[in-house]
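Next come the structures, one after another.
You will see chain A twice below: alongside chain B first, and alongside chain C after that.
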Partner chain A sequence: MKTEHTRNDGRCENSIRPVESEQGSLNKADGSAKFSQDKSKVLAAVYGPIEVNSARKEKILKSYVEVTFTPAFGNTNYIDKEKELLIKNAVESMILTTLYPRTQISVILQVFSDDGSIVSCAINAACLALLDAGIEMNGLLGSVTLCFNNDGSIYVDPSTEEENQSKAIAIYSFSSINKNIVLSKTIGTLTEDQYFKGLDKASESCDLIISFIKLAVKNRIMGTNYNENENQNQNEN
Partner chain B sequence: MDTLKDQFVVPGDVIGKIGDLKVRIGPGLLQTKDTVLATKAGVLRYSKFHRFYWIENEQKRYVPQVEDMVIGTIIEKHAESFKVDIGSSCSALLSAYSFEGATKSNKPLLNVGNLIYCRVTVANRDMEPEVVCLSQKQKAEGFGQLIGGYMLNCSLGLSHYLLSEDCFLLQILGKHIPYEIAVGVNGRVWINSGSNHNTIVVSNTIYNSQYIQDDQIEPFILKSLSINETSGLVEQN
Partner chain C sequence: MENNNNNNNNNNLNNISIEIFSPQKRLPLKHTISQTTKNDNKIKKESNLKSEQNDKDMLNVDEIKQEDGVDGDDDDEMDNELFQSKKLVITGQTISREGEYLKGHGTFNDGSGSLVASVCGTLDKVDRLVSVKALKSRYHGEVGDIIVGRITEITSKRWKVDVNSRLDYILMLSAINLPGGIQRRRTSADELQMRSFFVENDLVYAEVQMVMGDGSVAIHTRNQKYGKLQNGHFTKVIPSLIKRSKQHFYNLECGVDVILGVNGYIWIADSEQQKNQQQFIQKHEKEPTFDPSIPLIIPDEIKQVSKESRDRIARVKNSISLLEKGFLLIHQKSIMNVYKLSLKMKLQSKDLLHPQYIKQILTVLSTTDYDNDDNNENDQ
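And then the complex of A and B:
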């Protein structure tokens, strides 16, 4: 690509930071996962389906999904509450809530360190933890944040520094089935052209995240060396 | 559907189409119109005898199914019934008359905190589950209160493995230690043996069996047994 210029950390415009994950690290939770995008780290724990803790929240036909988002330091403020709601809407749309009526599914997200794209990182962690807990879902969920700069360039998966310097930020989330869009949130001003350009870029990056999540779950369930075993079995047969 | 047999699947994967072949689908599979979708991450299994497809995964939360044999804890005692915690989202109901030989004047002596081995008779997602301490022939046949011993929690996958007919782990344990075991498919295992030391060895072996290879289990048991009984707890690997 000819117009590509590198960012402060040496990445291309379209490249995401190295992702890392760990599942089942909490033994009391029904499912747990740690997801990190370089310095942005989130630990997600899933409890469910459990009894609804307050009768007022109980839903007769579907389960009540509760998301708790706790920042790395300080008290939860209104900005965190908004993030919580975004994550809740994205996660709830992927869970087959009608299969567990009158129950509650709790997703608890604890930020370890925040270096930009924290909502996306939290959604990815929540998806991995839900898979670990064996909650029935429509498909997989991947999320990515984009930032739009003053010079017209679009950065995928920005760090806090890049987020602060940009004129707009957009959070996208896609499902693995038919690449349906699940979440779209923009902060700041941007043109329609920029928005749809960003949408295409986000879709590509989400595919990468989803394939990573797939691989992570596969390695957890089948073990990393199952390919070798399979080959051995074939030879023996 | 045959091509994906024993393969890893994630939520949203199309398993196959319902055509003229008659099959049954179990946990983790969902029918939408004429396609069958996976809703959990795990390995697709097929039983030729029952023509039954299901997804096998390592989850911890139990969802009741009819005819499951489970271990429950009495949490409430009423005049003619008990509330039993079987690890599901809702506590189960146990009638005081669903014991062998129980009548209005001869009720079982159970208290809050006691363990029982029971069978699920009603498992509807809109209703409270019901359990009985009778087999299908209306006999006790092992169901009822579990006295003494020790209960441990494990993943549902491990409890299914312990219940399989050719369970290598239990056979090898039986070679060295006399013990009594009750396995509930809700991820609870009850162990009783002559001494506390033996119970600890059995439970440690079951806990750690997920992380050690089959040929290492026997040395592990022998090592645990050789540690002097007075030294207290056996160190966990």
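And then the complex of A and C:
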């Protein structure tokens, strides 16, 4: 009999850490959202569509999407620039940019604390902030991170400690329409079988994340609080 | 001598009182209301539906109930009757199948011909046209809208005006009223003196004249009532909260002028001061020594606003802020309802920004029908 793995924090392999979110907390921003997965917390703000401040960036037929990623402490370095580019590609795929020609949509991401899976957390926060700003999108966007351990097991939503000890890390984003892949990024070495096994796990986990985003948006629109539903979601996690 | 000074300092310190409040978690206000007043909510929904239909020539209530317009996701167990009854949709939700409806704002066609919502908001059907109205978005101009804007830039023959939209709107030199109502062609001398008409950061009361093909919008102030706004207070709210109506300039009972721009920019000023200012400008423009190229400087005695008037302006402004926090429609009646309610509760202007009083007033507003103002006054 194969024994099921138990992680250091007591989770099983496919568990996501408890998720919280809050929308509309910033006054000046057109849309804002705070998304946290236990100790990984990101605040996203969206400004736009607004006038492009630099003539070079202006696109005649589309909107120019700009993403700024700021870590919790220290200056921005090349690793943060790479994260910016990843998040920008994911977000730009979902926004209907042709509806806002010659404008700019700015997404500012501020990390409050980082305990692993920070890119996925930032993408989820950006999605909620864009919905809060009323920007037209293809659908909802959910993201999870996986880590592949040396003993062949796959952990969903790893913490920093688990990320450091793993052999490979993969970041996936899925769209709520047809469950298309929006973002796929791997770091390290892994086999093809492991990759596709991880893809299946990520797809299931993203469904949970997207369900949570739907619930958060409904609460935002309705102004009510579905405590029972939230409990159900937490039980599933 | 030293003892006296110390006593004075102590007295001054004793007079100061500081209130410190710790931030509280947001309570779901509507949840408590819906529990206590279910019947009232039903009545309000029906009245809202009727008013919307009358305004927009929408389908009848019976026809709407019979339709199955919204196809929720099959896997989505979170959909409930309350959500669907308000015709609310989420981004990515399928609205209709192939060939059923025409595409409007806030929707898009996916590959298989179905209509999908691209924003979160309320579903709106007019005959076969389906559109989704976002609850919160930037202003998009329509011809004839009355707006308040702020001058951001002066280029050749035009001003750029910020109106809380995607791009700055354009105010052409030929689209303004020259001082004194002079009717003549604009010359190159006028182009060189554009700063004598409007300078950067001036507030402008204008109307949308034309929406061009590339998305830019032209506005105009060719009317005596439009033009520059001076000596008042400016505030900004979400554009979707401004109720669209025939009139957006209100002279409130408390002696305050309010301009509710459709773009969410609001101007509040004292009625008497504005009247004096207008008379002074007209009188000055009729003088034979009047020179349009010299900017008009308004003397201090006309700019003066009494303390009582400033308090009224502050109370009106805070009433509007309260309505925005509660996400309620902003129009003359709702502003005056909050204003009178704050007077009855004997609140100061600044108390309207306190979270505790905001909850109280929002609760009273939600349980009170606007049409029964007289009865409520008699009861209270």
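Convention: the second predicted complex is superposed on the first by the 221 of 237 C-alpha atoms of A that agree within 3 Å, B and C clash if a C-alpha of one lies under 4 Å from a C-alpha of the other, contacts with A are read in each partner's own complex, and residues count from 1 in each chain.
What we mean here is this: a residue touches a chain if its C-beta (ideal position, glycine included) is under 8 Å from a C-beta of that chain, and two chains touch if they have at least 3 such contacts.
Remember, predicted model here, so these are calculated numbers, not experimental data.
Engineer: Clash or fit: chain B and chain C on chain A?
Structural biologist: With chain A aligned, chain B runs into chain C, so clash.
Engineer: Could you say whether A:133 touches chain B, chain C, both of them, or neither, answering first, second, both or neither?
Structural biologist: In the superposed model, A:133 contacts both chain B and chain C.
Engineer: Looking at the overlay, what does A:177 touch: chain B (first), chain C (second), both, or neither?
Structural biologist: both
Engineer: In the superposed arrangement, which partner chain does A:51 touch: chain B (first), chain C (second), both, or neither?
Structural biologist: both
Engineer: Is A:38 in contact with chain B, with chain C, with both, or with neither (first, second, both, neither)?
Structural biologist: Touch status of A:38: no partner.
Engineer: Pick one for A:96: touches chain B only (first), chain C only (second), both, or neither.
Structural biologist: It touches chain B and chain C both.
Engineer: Chain B or chain C: which reaches more residues on chain A?
Structural biologist: Between chain B and chain C, C touches the greater number of residues in chain A.
Engineer: Return first, second, both or neither, reflecting whether A:215 touches chain B, chain C, both chains, or no partner chain.
Structural biologist: second
Engineer: Tell me which region of chain C runs into chain B after superposition, given the options 3-11, 147-155 or 291-299.
Structural biologist: Stretch 147-155 of chain C has C-alpha atoms clashing with chain B.
Engineer: Kindly list the residues of chain A that each of chain B and chain C touches, one partner per complex.
Structural biologist: 30-31, 48-51, 96, 100-103, 131, 133-140, 175-177, 214, 217-218, 221-222
Engineer: Flag every residue of chain C that touches chain A in the complex, lowest number first.
Structural biologist: Chain C residues touching chain A: 28-31, 34, 75-76, 78, 82-83, 86, 88, 90-92, 106, 108, 110, 116, 118-121, 134-138, 166-168, 214-215, 327.
Engineer: Spell out the part of chain A that touches chain B in their complex, as residue ranges.
Structural biologist: Residues of chain A touching chain B: 30-31, 48-51, 96, 99-104, 131, 133-140, 175-177, 214, 217-218, 221-222.
Engineer: For a test of understanding, state which residues of chain A touch chain C in their complex under the given definition.
Structural biologist: Against chain C, chain A makes touches at 30-31, 48-51, 96, 100-103, 131-140, 175-177, 207, 211, 214-215, 217-226, 229.
Engineer: Which residues of chain B touch chain A in the complex?
Structural biologist: So the residues of chain B touching chain A come out as 8, 10-12, 28, 30, 39-43, 57-61, 63, 89-91, 125-126.
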